[in-house]
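Pasting the structures here.
What follows is a pair of complexes built around subunit A, which joins subunit B in one and subunit C in the other.
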Partner chain A sequence: MISDASGGLPRYCHPYHGGWDVARIALDIPESRILFICPISCARIICLNAIKYDYKDRVDVLALTEDDIVSGAYEQKTIDAACEVLDHLNPKPKALILYVSCIDAMLGNDHSFQTQEIMDRYPEVNCLVLKMCPITRYSGDLPLVALQHDMYQALPMETVPKEKTVAFIGTNIAPHPESDLVRVLESAGYRALHIQASDDYRDYLAVRGASLNLCMMPFGKSACALLQQRYGTPFMPYFAKYDLAAIRETITKLCDTLTIPLPDLDAMERETVSILKKTAAEIGNTELIIDSIATLFPNELRKTLEDCGFKVRRIYGDSVNINAPDIDAGSVRMPVERSYGAGENVIAIGMVSSSFEGAQKTIDVFYDNGEWGHYGLRKLAERILDACRDPKSSQDVRKEAVK
Partner chain B sequence: MRTLIKIAIYGKGGIGKSTTASNLSMALSEMGYRVMQVGCDPKADSTGALCGGQKITTVLDAIREKGNGVTLDDIVTIGDGNVVCIEAGGPTPGVGCAGRGIITAFEKMEQLGAFEKYQPDVVIYDVLGDVVCGGFAMPIRGGYARNVFVVTSGEKMALYAAGNIAIAVDNFKARGYARLRGVILNCRNVEDELCKARKLADDIESKIISVLPRDGVVQQAEALGKTVVAAFPESDMANHYRALARSVLEECEE
Partner chain C sequence: MKDLFLTLPPFAPDYGGACEAMYELGGLVLIHDASGCTVNYVSFDEPRFHDRPGTVFSSGLTEIDAVMGDDNVLIEKAIRTAEILHPNFIAYVGSSVPMVVGTDFEGVAAETEARCGIPTFGFDCNGIHSYVWGADKALRALADRFCGEKTESRGTLVLGQLPLDDADLGASRRLLTLFPDLRASLSFNCTFDDLRTAQNAERIVVASASGLSCARLLNERYGIPYTVGLPLQKIDHAHGPTLVIGEDVRAQSLAEALGNADALDLFSAAGLAKYHTIEEGEIKTVAAQYDNVIADPCFKPLVNCNFVPMPTVSVTGGIYAETVSPLDPQAIAAYLR
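Moving on, here comes the complex of A and B:
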């Protein structure tokens, strides 16, 4: 579900990977609620995920029938269902998301009419439309890019005064409070603003007043461009980094942009390298495997780890072969390339590589876990030692997650 | 700076919408307006008379061929009078979904910034027969056409279709969609044609804004792959289209 590099093959959200399905991402809007409008079979998947990932109290479903579609009743039924949901809720959610499915794309419903009707009746509720529409994947923005864009498109058009905040856009996992990024910002008096980490709708509205938006993953670029156009908020990419020079460059650029003091980067580097080298020595000949679900930049991580004495056996990532033809790489999606190794004497960074190689030592990390840069590398060192002390296969991790 | 005038032309199939729309575009162009004509019929024959009788590449054809690599150059043809011609296109006849085709084409035009690049003063949407589904209501939604004109003759089925279109437009009135601005009578020399058209206009609380007589010069121009205004600029018929253009502008200004 996540990668844009699946080359037309289906990709599913691994249920034991944190389950960032489209509903859970949309519910990053604090104090929001979703009304799914879809056939019952689609609703079934949503409901199961909602139970599994504990957001069932924020989701309702309007199951569509063929009659609704051919008669044109669907448009009004959606409005009626939304009002019925809101009638029964006290307090009302701050935002009601009408989540429509592929069928909606065929019908040409007037979303602005629908949302306006609902907001006329419930002026305190911001009603917005999001689309679960894989058929548009190759005709415009990728679904996840469009989703991030549409989540912020529902912000009020009015600008607000700029505040000393920096918003993180495009990621579902907030950077860790101890991360280099948050510490640099907070030490300069900036508030790190990430709606996923908030339960307060006002934080969503406050994105308009951010002084700077950081595009944390490529999925957020379209949303950042929208926020720049609407509210004049500049943005810069701030993707996960593991290469020490790249970390230095990114932090320097951030500090330059905000004209805030640079931290002692030399000291940070020395400490990180020291921790990594010590960890590499401790695990000795145990090899690492990395996958592109664990990190967007597996090859960058590999290089830094190898420079500090680790042995990386293999990377699973669809574009790795192109970017680094010298390394042993496998695809995360082509079963034929899976090795299904014995998994002995190997530590898997990521659930996909663990599953493919049958690793007995697994680090469950999904898209960098919000932990990268110096903090991320140090945290990874900790997790490598944990994996050795408390070995787990991918099945063990999955069972724990389901519990 | 002129306010952008956005017009949708509806009417029964074969009643002369495209001929009327193309001549209207050409007449407006003569008056100094920058005009864009968007054909919203899967047959993609709206702009033929502006493009030397040739069918142009439709938006959906371009998407089929180039996917996400479509550019404005692929879907825009500059026709006679510098009219910006776009055809939405449609699916292979008998399969697919024409309504969705219109939606996709409109989304693509917006995505590529067609209006921003060409900055027309007038956009004319030439829409097929009737508002049959959500896709064909797209041209009359907010952001697209604000003014609807219905082309009819005095023939029973044409009047019936015109009445249905008026009802559909009226149904959407509360949503702030386009308003019906008038009826264009494209004569077929039916008995009591003007009376019948007037009765329709009364019934739908509208008015006839133009009467276009039946004239062989229309077919002659069509055979040349041109509009009457371009091929026979001195003809009476060309003057009728120029008068229509003035009436349309007056109605839209109201």
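Moving on, here comes the complex of A and C:
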């Protein structure tokens, strides 16, 4: 069992986030644009990610000065900046996101008059407020929970007729089109809807008409509850990612709920296990290390991999209930536990564990890359073999990303 | 509109500069934030962190601690961590929320030092000033505290050389080759002993405005002469009027090496460059007067003339690979019209 390592000690912050930040998640809303309103430093990582991943044309920043903060002048300045941004654009974005940071939580601003004034001037633009406030993580919802909730709170209140659509909520990465989940749904005539996979604002609005919402990550529970309350859309958790029995149980429950045919789960399972066992045999004594940045479910993944013959040496993760006396556990938060191994004969699933142990074979994956279930396990087997064929340290991976 | 950034990213802030100045000196550095500012720093402002994570942490500031002004939580964390890491010093570095609640960093530092006996500093950064401001403060404070009696006079001390001013760590290393009698460079490729013996330098070169206050201090206290600017190779190559955009000392040094060139300072207002601004509109207006502009690639959309990309970590955080080096003005000149 790993305790919460941050208690009483400062937080170690690792530099790897797979290119994801709160702005990029919010930009899952198709045809949206962000105006950050914050001390200029708060938006640096946001803008640099935006340049790195080529969406800077959707992110602007209003830099607040000490005078703005003390005088409260930034309330009007926000409206002026939003109007200047929108005046420059033709066509206008369908949604303008005013993104505020920690100091906004301290100042207790009410943004409703700002959003209303902006929408009065630009009726075709939906203006919403999102918060990047890690400072409130112990006094309110977790930032990612609040973000998912607030993204869907901005939907119009009006209900729409239900359609043969299943929406994925709570994850910033759309499940892969080849995943077992998407294939099960689409083979039964359901549309699998994740707003990240769309560039049409109407798909965001179409979430209201989903017959069922799948809560893909714990972060999405609050958003799912909101969508149920507003639009009467039922939801079910879909957290099973790597545990074969849990995957079977969840797919069965999904098919029962939608009254659609159950796929041949035995065959799917046989194929997955066969691929994993073959891969484990190929890599022989090479051990695996896994971190909780690569997957939100490191222990579930570990168990399945070990059942199929892999050797997992260590898991790096905080607040992860390992419950296995034989597994070595490291913290990604506890500064004194950082260890730098030689990194030989080890494959790191995740950049953080790779950098901690100096691994020469790295699988660059962040929050599962949306690759779960049988598809995810098979894809991981491919990546393990790729890592052996084309060994890379975390530094090699990082250098490859330089433009 | 003033303060509205439609094209440029925010540049490296004061807390990034302060942390970078202290990175190799064996201190325990706590950025007093909820974690977002520290993530900013380790992700994009500190290329050394990727190779070898340093002892820079987030204090994990919470809303309730900020509202209640409970600095004891911060002090306890620092002391507990210092007992594990045995740092040469402790440094608290501010961010935007401590600015709003008015954290007294000097007071917190004094109390920490009184309780644990480890030299402790407090820097009231707020995420609004530039990295040069933060680095300048930190370097001066460290030298003020740790430089002792002068026992010899030897070699060149480079002050203000930060990886933030270069395209990558390789470029930072190459820059040191400009100084054949190099004694030490603060703060890159250095040790705590280099800091403690900085007063024994024969001369000082200020490589960026981040080193200016420290140079003045060492000059006043020990009489060490200093020069401001990099000794770049001058070239004689015909080209139209050229604007170099960047850090004040670096940009001015390159402009002088090129000739027929001016500098636009983004960060320091040290007063060397002809222009100083970070307003996008003003940059466009100034750039329109020149045939060539040398700047980080993110400035290209603001410029209509011939553009020479010269990335720096302080602007685009190492996203872009080095194109041309300020160490080789001749290669730059080949790009110029």
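Just so we're on the same page, the second predicted complex is superposed on the first by the 371 of 403 C-alpha atoms of A that agree within 3 Å, B and C clash if a C-alpha of one lies under 4 Å from a C-alpha of the other, contacts with A are read in each partner's own complex, and residues count from 1 in each chain.
The rule we apply is simple: contacts are C-beta pairs under 8 Å (C-beta built on N, C-alpha and C of every residue); 3 or more make two chains touch, one makes a residue touch a chain.
Worth saying up front: this structure is predicted, and the values here are computed from it rather than measured.
Enquirer: Looking at A:Asp110 after the superposition, I want to know if it touches subunit B, subunit C, both of them or none. Which is it: first, second, both, neither?
Expert: First partner only.
Enquirer: Which of the two partners, first being subunit B and second being subunit C, lies in contact with A:Glu163: first, second, both, or neither?
Expert: neither
Enquirer: Spot which of subunit B and subunit C makes contact with more residues of subunit A, would you?
Expert: Counting contacted residues of subunit A, the larger count belongs to C.
Enquirer: Looking at A:Asp396, would you say it contacts subunit B, subunit C, both, or neither? Reply first, second, both or neither.
Expert: Neither partner.
Enquirer: Which holds for A:Glu269: it touches subunit B only (first), subunit C only (second), both, or neither?
Expert: neither
Enquirer: Common interface residues of subunit A with subunit B and subunit C?
Expert: 105-107, 138-140
Enquirer: How about subunit B: which of its residues touch subunit A in the complex?
Expert: Contacts found on subunit B: 63, 67-68, 97, 99-100, 102-104, 107-108, 111, 133-135, 137-138, 141-142, 175.
Enquirer: Where on subunit C does subunit A make contact in their complex?
Expert: 1, 3-6, 9-16, 30, 33-40, 42-45, 49-51, 53, 55, 57-64, 66-67, 76-78, 80-81, 84-85, 95-97, 99-101, 126-128, 168, 297-298, 316-321
Enquirer: Going by the contact rule set out above, which residues of subunit A touch subunit C in the complex?
Expert: Residues 6, 8-17, 38-45, 47-48, 50-52, 56, 60-66, 68-69, 77, 80-81, 84-85, 88, 101-103, 105-107, 132-140, 335-336, 338, 355, 394-395, 398, 402-403.
Enquirer: In the complex, go through subunit A and note every residue touching subunit B.
Expert: Its residues touching subunit B are 72, 105-110, 112-113, 138-140.
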